[in-house]
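First up is the structure itself, then whatever we jot down about it.
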Amino acid sequence: MEDTGAVVAFWILAAITVGAALGVAAVRNLIHSVVLLIVSFAGVAGLYITLSADFIAVVQILIYIGAIAILIIFAIVLTPRAGRLNQEGFMFLPALVLAALVAGTMIFVAFDTSWAISEREGFEDTATAIGDLLLGKYALPFEIASVLLLSAIIGAILLVRPEGAEEGPE
Amino acid sequence: MTLKSEPFVVNVGPQHPSTHGVFRLRLTLDGEKIIDADMVMGYLHRSMEKLAEERTYTQNIPFTDRTDYLAAMTGNLAYVMAVEKLMNIEVPERAQFLRTIMAELQRIASHSMAIGIFANDCGAWQTPVMHMFRDREKILDLFEMACGARLTLNYMRIGGVSRDIPDEWMPQAHKLLKDLPNRFAEYEDLLLSNEIIIARSRGIGVLTPEQAIAYSVSGPMLRGSGVAWDIRKADPYAAYDKLDFDIAVGTNGDAYDRFVIRLAELRQSLRILEQALDMMPTGPVHERLGTSTVQPGTQPIAPLVFRPPVGEAYARIESPRGELGYYIVSDGGPSPFRFHIRSPSFINLTPLKQMAIGSTIADAIVILGSVDIVVGEVDR
Amino acid sequence: MAILLSGEWYDLRDLANPIRELIDGLGLPDAADYVLWSLIAALAIVTWLVVSVIAFIWIERRLVALMQNRIGPNRVGPAGLLQPIADAIKLLLKEAITTRDADRLLFWLAPIIVFIPTIVVFAVVPFGESMVLADLNVGVLFVIAVAGIMTPAIFIAGWSSNNKYALLAAMRTIAMLISYEIVQVLALLSAVLFIGSMNLGAFVSWQDEYNTWLIFIMPLPVVAYIIAGAVEINRSPMDLSEAESELAAGYHTEYGGIKFGFFYQAEYMAGFAVAATVTTLFLGGWTLWGLEEWIPGWIIFLGKLYAVFFLYIWSRATLPRLRIDQLMAFAWKFMLPLMLVNVLVIGAEVVVWEETGASRNIALPAIGALNATLAVILVVGWARVLGHGSGRQRGYRATLTQEIGKIYYTGAEAS
């Protein structure tokens, strides 16, 4: 991290990411929240780029901004009587406690771990390396994750299927 | 578990690219599916029927141009026929043929627009309309030669037509008739089997013959539902009884059928025109009426004021949109006592709600396009 | 002086050369060098984009007018050439209306966000041998990912206007973009599998080295990508999100003035981005079988790009529009299975080629012929399976009759 450019970029990106993430929780309007969430995702993608993990960065944009954010938008728009407002419900206090606990744990871990700083240069072609690992060394976890997602998809389809539905609407 | 959704009201119009004027459609949607449709009319109401009661019979002819402004000739024709019926006027042979020719040219012009706009409603971005305009333009040129106007023609007169066609008219008309079959073949190639148009218009807006008759729709709408009914054949007027042509009918009563019927009627109109131009007799184009002045060597011109006998008359013709009828009650005065227009656009529009419910908003636009309304005629 | 003497600066075959010479000549430190280089390149890309858009507003209007029997804009300047400029001035001078119940912040933000991805895509596109702003290793993925930013931007535009047409159109757009993004990804995946790299420059050099274009080797993904691209840039027959005849102007119904101008420009730029991707990945990029020695590569590239973009202009003036459910069915029921099979086939071909070690002169034509045949079989076969090409899809003429009052209704289509 001796490169000043990278350091500056890191701090700017970190500020954007964290600021936007705070905004997600603080903003009243749910759609505004989603927009801030997108900004936060983009900041994370930027952080990946400073780590020269270009593949992960692009995938972050593709999956999180292009898909997850859209999914959340859909969820908000399709929820009847969502009120479109980020309200203080009765879960406010428990959520605060839980968030504080998670934050505490994270901070503790961050300071407690003795971070090993690798001397090696960044990968030239991260996509190839990731591909090799996913289909070689980590093939089994990769497949398990795939199967898990598949079962989640099937489960979701079964859940939203109208009861006693006959063959498709067409 | 079922997904619940809230109904959603969308106003299509009064200012909207595909309402063909200022017509408003209030759609209640469930997602994209229409669960209720309300038609709101009257944005173009000009109170023509009441205005006509204050003007003389001749002064009322321009009003009929402005009801169905895409088919002014047929509007003229139906009105003058009603007055002639009231007054028992025989119209000269040549005038009858001129009226027939003009009405059929008008039908080609109007159907061209209807087909083009229908394709536009299916999403073809302007191209079909622009191609159709090419033919319509030629026809309007002919109208201009005959009467000096292109849109609001004011050509028919009580007892005939306003003036005879000039000498150059016939060659130009023959030239147009030679061009048109190729154009029609081109449109049939382009549109008839266009997969997207078929996907968009087949099986939507279905009207069974029973429903069509119950709603008293007419014209291509009625024929689309498979009922072979055409006033030109069923109750011939002008010179139609001397001409040979077919009625085009559909079999499914959907939007696509109405569209193919209009395409087929273009060719039938062409057939009529070819015969009529050949058979056209010579002679006066206007009946000599009581007070009309005749200068030597000219055609008789229509008097400005009529006083028809007390009575009532209804005349109907097959306008491009359907049965166009004029009902006139006379109290013996110079202007009608009651003047009513049975406008096909208005009556054809009534089943729209029935046809639209259950389809999607995109279908509703296509169905509306297949009805082919002219708002000037709906609201009058 | 050294710049002028080096003999490299006038080599316009690659515009990067003179700029590099110029920057090297300044003798700046590395970092400043880099920043300057990026700035010049970015500025050049944006300038080219804006000029292209302005030119194509005129070209498209004239072309479409030709196709539609019209003359097109011919009043402002010679042959109407200044029309786009007049349009731009009009848009700039118009009042920027924000509707009362609009979400002001997002309403202003949306046109800007829509603008970003369309420009950023060009960062990884090689305009010439060394004319690429960021030679990214994951270029292909970058193109898709950046294009994906359009989706939330369009939703924001539709939602913030607080207009029912806009919201409906925005929801449609999202559903469409997501569906066709999958097709797009799969189309590109087969290309990536074959080349073995995600770097756009590698695609060009591969096609240069093997003296062929990828479109000859795998026609199906190219067609799929172009169709999916039409969805992405809202071109007919996929222009549902701004379906004029149904939803007024779609998600930008409430936008006027320069805010609308942003959407308008972004649409063109997105079109250029799709065309640039097709050109680079499937049409050999800036190469033309050795001709790039004599003609500047960027001219070849732009020529191909505009040719691909012409396809979209052409289809816009030709085709009607599909309904949303038909469009989605086309993506999920038709294109997706085909693309999945295609990926499988291409993967198998790569493996077989590697295993047999056949020479490229045999292997490439064989693979190309196989893929072309397979594409035809797959498209026709799958269409038949889905029931296309049967009676329902065929047009018919009206029945002609002389019998008054007879009823011909059969109701075969009534549902």
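By letter and in written order, the chains are A, B and C; residue numbering begins at 1 in each of them.
The rule is simple: contacts are C-beta pairs under 8 Å (C-beta built on N, C-alpha and C of every residue); 3 or more make two chains touch, one makes a residue touch a chain.
Owing to the predicted nature of the structure, the values given are computational and were not obtained by experimental measurement.
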_Contact distance in steps, from subunit A to subunit C_ = 1
*Name the chain whose C-alpha centroid is farthest from the C-alpha centroid of subunit B.*
A
*For the chain pair with the highest number of C-beta contact pairs, give its two chain identifiers.*
B-C
_Just to be sure I understand: the centre of a chain is the mean of its C-alpha atoms, right? Then which chain's centre is nearest the mean of all of them?_
C
*Using the average of all C-alpha atoms in each chain as its centre, how far is it in Å between subunit A and subunit C?*
28
*At what distance in angstrom does the C-alpha mean of subunit C lie from that of subunit B?*
43
*asked:* From the mean C-alpha coordinate of subunit A to that of subunit B, what's the distance rounded to whole Å?
replied: 61
_Residue numbers on subunit B that touch subunit C, as the complex places them_ = 8-11, 16-18, 32, 119-127, 130-131, 133-134, 188, 192-200, 202-203, 206, 208-209, 223, 225-230, 233-234, 246-254, 257, 260-261, 263-264, 268, 360-363, 365
_List the residues on subunit A that touch subunit C in their complex, please._
5, 29, 31-32, 34-35, 38, 54-55, 58-59, 61-62, 65-67, 69-70, 73-74, 77, 124-127
_Partner subunit A, residues of subunit C touching it in the complex_ = 31, 103, 105-106, 109, 136-138, 141-142, 144-146, 148-149, 151-152, 155-156, 159-160, 171, 174, 178, 181, 198
*Report the residues of subunit C in contact with subunit B in the complex, numbered from low to high.*
64, 67-70, 164-165, 168, 236-237, 239, 243-248, 316-326, 392-415
